[in-house]
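Chains: A, B and C, in written order; residue numbering restarts at 1 for each.
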Amino acid sequence: MNTRFRLLASIGIPLLLIVLVVGAFIWQQRAAGTAASPHGTQKMTTMKLALDWTPNTNHTGIYVALKKGWYRDEGINLQLLPYSANVSADVLVSSGKADVGISSTEGIVADAAVNQPVVSIAAIIQHNTSALITLADSGITRPRDLSGKVYGGFGAPYESAVVGEIIKQDGGTGQFKNVTLNVDAMQALESRRIDFVWVFEGWEVIQAQRAGVKLHIFPITNYGVADYYTPNIITSPNEIKQKPDLLRRFMAATAKGYEYTRTHAQDSAQMLLSANPQGTFPDPGLVVASQEFLSPRYADRGRKWGWQDAAAWHGYPQFIINSNGIDDAAGHPIHSMDFNRLYTNQFLA
Amino acid sequence: MEPPKLLVQGVSKIFRNGRQTLDTLASIDLVVNNGEFVTVIGPSGCGKSTLFNIVAGVDQPSEGIVAIDGDAQGTRAGKAAYMPQQPLLLPWRSVVENVMLGLDVRRVPRKKAEFQAHELLKRFGLADFAQHYPATLSGGMRQRVALLRTVLFNSSFLLLDEPFGALDALTRLSLQMWLLDVWQTFHSSVLFITHDVREAILLSDRIYVLSSRPARVLRVVEVELPRPRRSEQLALAQAVQLEQELTALLMKEQQV
Amino acid sequence: MKLRWLAGYGPAFVLGVTILAFWELYVRSGQISAEVLPTPIAIVRALIDHWDVISVHTLQTLLETVLGMAAATVFGLLLAITLEISRWSRRAIYPVLVISQTIPIIALAPLLLLWFGIDLGPKVFVVALYCFFPIAVACADGLADAEPELINLLRSMRASRWQILWLVRLPGAMPSFFSGLRIAATYGVTGAIFGEYVGAYQGLGIYMQLSFNSHAIVLVFAAILVTAVLSLLLFGLVSLIERIALPWYHGSAIRRL
């Protein structure tokens, strides 16, 4: 019947569209060979690693180990969970959705304070590479000149405390305006609406150099901030209790990857580039330059990658706690913490 | 003796809205025998439509008996084919689908219902419009389609509520003749509402005149004109006298 | 006939071209850096160059949108019918519906991730969440709007409540339903992108984030262009289906197959 036909057509067309889209999707997934999870061999254990950011040279060791098949050799099928703006790797790890992840010392301290602890099982970079930067022509030549200026931050509660401390250490008042940004730090700086930002010497600074932007760079460890590890590889206390052997094997492959990266900057950079879909890194030269900067810095010469010292885990964490920058789950600042529970070297060889 | 098609005895209706009460009908008595064409006329707003709603089973009387085919107890809904003042054609259905509506409600198989609807359209000269949508039809056409829908649902007892009120004089006349044709084809019993005295005289066997609210029966008149009726008959002395009488009666009620 | 239809879009076309021309000139003249706002031509060129990558993300987002909207339509329709059938449910449920639209994604995201994981689940949920509301509300209003006279007529035919719903209320509510559907279609793709921000392997939202983090702003805009085109196509599809389903609403005189 006429009405019936129209009714069927109205339902049929959308259904057809859905079928077409699903079909196209599945076909394309097959073609790209990236179908959800390969059934693989029975022996392999699947492990999920949650990234803290879009792929960058902090992660190179992992990508190298993946490419070289070292995880596979340890019987691990490693899946990288993409970075999510709304859900941190810490949450994924502490809730069990990811076995391991990447985070920062500040993040780890904050997690412990709100009773969702994660444990650092390796330090990816031994010495902190954070720096505050300003534009060269801004007239701000040292941290104390930052007093009263505008800071573009990422909305972390301890930022004010750390930045203020840096300014004070250099003799400034420690007062400044804190604006939480959702835009790119470099763009904000270049727009001149922000006076200074917090970046990493291994990435943004190199990027600026390549683009010919002149900066003043104030590495934070030069201004009274205790040296600390960032980023870290984290896992949950649960995971440590239940799967210590898996973690040991994971760390074996990962350490191998980072050790290789320390000595083969060019090659590792290429692996990082090719392991990610085209378009992830619009400037491959930056990746190579960044890798060459970072490779010797993952750990001091002669020291094995990943090992953590007590000093780094007491100095800075105590500093940010003292600044009342870390709150517990009810929102009250905490004043002490057992830092020894925040890290372990037991999975490093 | 077989019971009348419709027996209304002592029916009254009071509407309550919180504290307010509205006496709409006050003890109405009315009979429609099988095959009869009975008209109810009265001043505007006197409650004619309320009476219809009660007979159609959409509403219940506050007091009194309503019996269709001698049955005073059972549900009245569905026993009469009700045609309200507006044609109320479903805009998303074509003409033939609209005519089938009653059968669809009765869950008659589609093919059978469509066939019957088509036959009806053919019989009464509307076959060309079967696939049209109501939006493209004139007022007169829509009334015809509505009437056929009513007849197809239940041809034995029709309740027609001022079906030609909104039409111009010429269209009204042709539709009146058409209605008589339909009535005679199906030997229906018809209860008809109008406020047009001439129309009542032209169409009916018997006329009930209602007073203004609360409505009661003022007069019952038998129309003795010969069948088949023709509009010329309205010029006969008998018809003219009746018309004057009823008009005077109505005008008095209208002022009250 | 075709010409007249095209001419109808004339003003929109002219306006569009004018805006694009201004845009191109504004950036070329140096008023603003091409790093912040690329020219339209640069955007189109980038889209073409990177189509092989972007098409993968596009398909992902399209899948999420289409599935989410299907869920929203079914759920919205059922909800509208429920609200119509039981008047008390209307009073109870309506406030909850309104609140459901005010929850920001920041609050929802972690929950979604924990419950649904990283696959299609959370994206389809977000699309459905933001799309079901206009559909449900518009349809519910349409259902309630049925002419009382018509309902009376059906009751005189002894039609049951369900028959009245099926024969009169639902068909009569279709114009309103499509109104709601058109609004939902406009938000569908953006909803999927928000859902991807919860966490995803691929999709236009993720692509935009990756490109942004790598300072490839022109690719962000290319993704936005794709989003706009997808939204327009969805909108057009809904209008097309409406034309098919409701020829009577648009004054079609005779049935057309």
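Quick note on the criterion: contacts are C-beta pairs under 8 Å (C-beta built on N, C-alpha and C of every residue); 3 or more make two chains touch, one makes a residue touch a chain.
Remember, predicted model here, so these are calculated numbers, not experimental data.
A.B. asks: Quick check for the class: compute each chain's Cα centroid; which one is farthest from the centroid of chain B?
C.D. replies: Farthest from chain B by mean C-alpha position: A.
A.B. asks: For which pair of chains is the number of C-beta contacts greatest?
C.D. replies: Counting C-beta pairs in contact for each chain pair, the top pair is A-C.
A.B. asks: So which chain ends up closest to the centre of the protein, judged by Cα positions averaged per chain?
C.D. replies: C
A.B. asks: Distance from the CA centroid of chain A to that of chain B, rounded to the nearest Å?
C.D. replies: Chain centres of chain A and chain B, defined by C-alpha means, are spaced 81 Å apart.
A.B. asks: Go ahead and note the Å separation of the Cα centroids belonging to chain A and chain C.
C.D. replies: A distance of 34 Å separates the two centres.
A.B. asks: Hey, how far is the Cα centre of chain B from the one of chain C, in Å?
C.D. replies: About 49 Å, centre to centre.
A.B. asks: Give the residues of chain B touching no fewer than two other chains, as numbers and ranges.
C.D. replies: 92, 94, 131
A.B. asks: Quick check: what residues of chain A touch more than one other chain, meaning two or more?
C.D. replies: 2
A.B. asks: For chain C, jot down the residues that touch at least 2 other chains.
C.D. replies: Residues 247, 255.
A.B. asks: Where on chain C does chain B make contact in their complex?
C.D. replies: Contacts found on chain C: 147, 149-150, 152-159, 163, 167-168, 171-172, 174, 246-249, 251-255.
A.B. asks: Would you pull the chain B residues touching chain C in the complex into a rising list?
C.D. replies: 53, 56-58, 75, 77-78, 80, 82, 84, 86, 88, 90-92, 94, 101-102, 104-106, 131-136, 153
A.B. asks: Residue numbers of chain A touching chain C in their complex, please.
C.D. replies: Against chain C, the touching part of chain A is residues 2, 5-7, 9-10, 13-14, 17-18, 21-22, 24-25, 28, 32, 36, 53-54, 81-87, 91-92, 95, 97, 184, 186-187, 191, 207, 277-283.
A.B. asks: Under the touch definition given earlier, write down the residues of chain A that touch chain B in their complex.
C.D. replies: 1-3
A.B. asks: Within their complex, state which residues of chain C touch chain A.
C.D. replies: Chain C reaches chain A through residues 35-36, 50, 52-54, 56, 59-60, 62-63, 66-67, 70, 73, 105-106, 109-110, 113-114, 117-119, 197-202, 206-207, 209-216, 219, 237, 240-241, 244-245, 247, 255, 257.
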